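Note that chain A is present in both complexes that follow, paired respectively with chain B and with chain C.
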Partner chain A sequence: MCFRTGPFSVRLTSDVRGFGATWQSCYSPMELLPDDMVCHLRISVMRERGVRRWLGPQAVFRLEGIQPFEPYPLSQAFPMFEWGLNWCIAMSSHYHLLLHSAVLEKDGKAVILPAQPGSGKTTLCAGLVGRGWRLLSDEFGIVRHSDGQLLPLPRAAPLKNESIPLLAESAPQLSFGPRFDRTRKGDVVHLFPPRESLERQLESATPRWIVFPRFQRGAALELIPQPPIVALTRLVGNSFNYRVTGVSGFRSMSRLIRSTRSFQLLNGDLAAAVDAVEQLLAEDVL
Partner chain B sequence: MNTLAAVLANPASAVDLGNAQWEQLLGELRRARMLARLDAVLRAHCEEELLPLAARELMRSDAIYVANVQRAARQELGRLSSIAREVDYPVILLKGSAYLAAGLPVAQGRRQSDLDVLVPASALDDFEQRLRREGWHFAADLSAYDEHYYREWAHELPPMRHSRSVIELDVHHSLIQRTSRVQLDIASIVEAARPLPDTPFHVLCDEDLILHSALHLVMSDELRGGIRDLYDIHCLCVDFLGDDVVAWERLIGRARAVGLLRPLYYALLAARNLFALRPPITAWQVLCAGGKPGVLADSVMRRLMRWHFAPVAGQQARAATARQMLYLRSHWIRMPPAMLVRHLVNKCVVTLCDARSSKGASDDPQKLPRME
Partner chain C sequence: MPDQWQHFAEDEILIEYFEDSAAVYCTASGETHIVDAFPAEILKIMLPAVPIDVATLSTAFAASLGDAADVWSDEVEVVLRRLEQMGIIAAVRV
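Up next is the complex of A and B:
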């Protein structure tokens, strides 16, 4: 089976029962590609052979026949595939500048939410999707060098632990995947990309804000403007491939900083954080 | 037929590949770590627009990555040059670092993970001390056994790394393990190295550059460099020797003089079969007369090399068998039997202990080293 995810095409094979069904329910409105095309990545998600077939069955992720990391329990084939594909994409797209960030868009204006440990990036991202923002990606800010536009890569966003009930409550209209308990990243439920995100996955967006989220239990909301030099430094540290991309990376990075406004968003409450981002949009006169 | 070998033998044919062949080629390229290398080769042979978009993008991505690694390698050479300028013995660049510093076409898009240099054995201690003073150090987790292995038996120091560098430096005092059955005249090889203009470094003379590449390929664990290193040898032969009979004879004469006829024979045999390298017939006959093993060994090696360098889709079992046999073979040649047993037992124990202690760790795709 071949499919497109944003700027990449993937040929996927699997013999893991249940994996296909989860994949379908996550990405179903997405158009499949013809079988005879040349794809970027050839990925397989297969049952481990040998005694492992019966004893603690496992699923193995392979890219071009190479197994880049250890197998997962068979029941966690879907999260393994999602993380594995992200890793493949991060390795194979040095012709773009790649940020480790969520990206959302509303009214033609995009906000970048860079990830940091404990930042609550995915939670805030899901909260914004619940308020009608278009999900470009939960994981990658893909900056095209030629025009600085952000390219979508709409994929399942893995919500972890406490954020699972929080989102199920505050945005019940969204669609969520099955629950995976005790994965290597804790308990995980994926927010499936809304239909509109998938249908518009070839439509780029113009960056407008960079918001560095920081979640702190009980903290009062604070939206603190960041001087460009601070934002630049933080974003360089957040990029998957800034060093690799050399001069083009530097140009794209400085254009991005020049054409956006940056903030640090300290928050202890999802609804208030979402409101703060909505406020940025409402006050934006351009 | 393996698609990558066919394309390397005739790069212009890439424009005629069908989609199914491209699908296969892209997998072979990633496994061989040659996406950027083929990008450079195809640039010289076909119109980019005629290639599939996904293939172009993948090759370009890898070319950007490799350009970055080469930038880092040049920086490392810059750091080393201050030491090379101070010493009165030659600091000889080997393999990828030599190709890069000498600006050879074979360096284009060539992926390398470390920098290799050779100094005369008598200068090894001095060179190591200087490196340490300038900020290079050994890995913190270097085990006592590994250190012992390197210092007593190997032809190089344990890998070193400068605190500001992302690539490793391998310092050699010979081109082959001390314990190996193949004996070579390292003094004569060091003697023949030539200064590289505008740098404080030396590189091996042209013939030795080819011979070392052949030796490295044929002697390393399971012919580790694979088709990439074989293609290096092919390119070096085409660049340096072409159709020049005298040059080919000089290469073979040199192989005889330093004791490397056999590895050269194997490497050229494989390059003939895979890339249609055509040494002049007289030169080839001389090489066969001096370098060809017995009939049985010859036919087994022919087959193993073909399975290993150019595995055909659907025949993974053969490739795996070839890899195991070649692994045993390389160890057999490098160590006397008693030492081999000791080495393999030690490696086995270490592997088992590692598997036990690190179970469940380091296998998170997001914690993997960034950007391979």
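Up next is the complex of A and C:
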């Protein structure tokens, strides 16, 4: 099948039992595209055919017929596909500036949450979705060079380990996928993108705040303004493709910094962190 | 010592000022440099991209602070050499 996800089109083939059902429950009503369409990415998630299939069934991810990763256990085909698709986009989509960040929008104003793994980005992102923020992306801040708008890429957000029960308890109204134990990134449950996010996946958002989250167990909440030059330096280091995009990337990055306010958000509690971002919106600090 | 110093052309060096600092992008290297207040101000004075000597630069910079030019000439020269090493300006021999 061919489908659209944000600004990208994907042709996906799979023979893994149960993979399609998980995909459907996550992405319905994702816009399907004509089967004969030429897509940005051609991906397959297939059962491993070698002798290994008798020892421990595995799934193989391929992009344009090339296998960039080692196989995953067959039962982890869905998270493998999600991580693989993200990798494909990060490696090839240089006509936009790509930040490694979550992006959410409320009342027409978007917050960018750039972060390294382990910073609590996905947990905070899910917490904000639970408070009614529109999920643009958990993984990519896609900045359009022409106007600086943020493009949605609403995909499943992988909650890990202790975040799983935390979100299940604090935002039970959200939809979650099956649990995948002992993946390469720990135990994982995906937050499925809300229907509204999928239906509005072609609707860009205007960046308003950049919030660098940092989770630290037991830490008191601190929302510390970041000087623009510090925010720019951090975002350059955070971007997937800043160096590749050259002058366009520099101009887009500079415009993004000028049009937003930046903060460091140190937190040890999800509810307090969500409140802090909500407070930015309430005060419309700009 | 070079007689004068000059910005590269506008399509070779892009400068964005943020408060008292600046981000400088070099198209030749693809590098982004962050410079603090002093070199940022020197670059601003050099923006017309015509050759300028240390004395003129120091005078212009000192004037913005109400100082005498000779107070700043040594520091200005050090900054110019750093900016040259970063590929942001070039020495011009007349």
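Simple rule for what comes next: the second predicted complex is superposed on the first by the 283 of 286 C-alpha atoms of A that agree within 3 Å, B and C clash if a C-alpha of one lies under 4 Å from a C-alpha of the other, contacts with A are read in each partner's own complex, and residues count from 1 in each chain.
The criterion applied here is as follows: contacts are C-beta pairs under 8 Å (C-beta built on N, C-alpha and C of every residue); 3 or more make two chains touch, one makes a residue touch a chain.
This structure is a prediction, so every number in the text was calculated from the model and none was measured.
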Q. Just from the overlay, do chain B and chain C fit on chain A, or is there a clash?
A. fit
Q) When the two structures are overlaid on chain A, which partner does A:Leu63 contact: first (chain B), second (chain C), both, or neither? A) first
Q) If you count the residues of chain A that each partner touches, which comes out higher, chain B or chain C? A) B
Q. In the superposed arrangement, which partner chain does A:Gly246 touch: chain B (first), chain C (second), both, or neither?
A. both
Q) Taking the superposition as given, does A:Met37 touch the first partner, chain B, the second, chain C, both, or neither? A) first
Q) Is A:Ile257 in contact with chain B, with chain C, with both, or with neither (first, second, both, neither)? A) second
Q: Give one of first, second, both or neither to describe whether A:Trp83 is in contact with chain B, with chain C, with both, or with none.
A: first
Q: Have a look at where A:His94 lands relative to chain B and chain C in the superposition and call it first, second, both or neither.
A: first
Q: Could you tell me if A:Arg234 is touching chain B, chain C, both of them or neither one (first, second, both, neither)?
A: neither
Q. Between chain B and chain C, what is the tightest CA to CA spacing in Å in the combined model?
A. 7
Q) Do any residues of chain A touch both chain B and chain C, and if so, which are they? A) 243, 246
(Q) Could you list, by residue number, the parts of chain A that touch chain B in their complex? (A) 9, 11, 36-40, 42, 61, 63-66, 68-70, 80, 83-84, 86-87, 90-95, 184-185, 240-241, 243-246
**Q.** Footprint of chain A on chain B - complex, ascending
**A.** 19-20, 22-23, 26-27, 30-31, 52-55, 57-58, 60-62, 64-65, 67-68, 71, 316, 360, 363-366, 368, 370-372
Q | Residues on chain C engaged by chain A in the complex (per definition of touch) | A | 14, 16, 18-19, 21-23, 25, 27, 30, 32, 34
Q.
Residue numbers of chain A touching chain C in their complex, please.
A. 227-229, 232-233, 236, 242-243, 246-247, 250-251, 254, 257-258
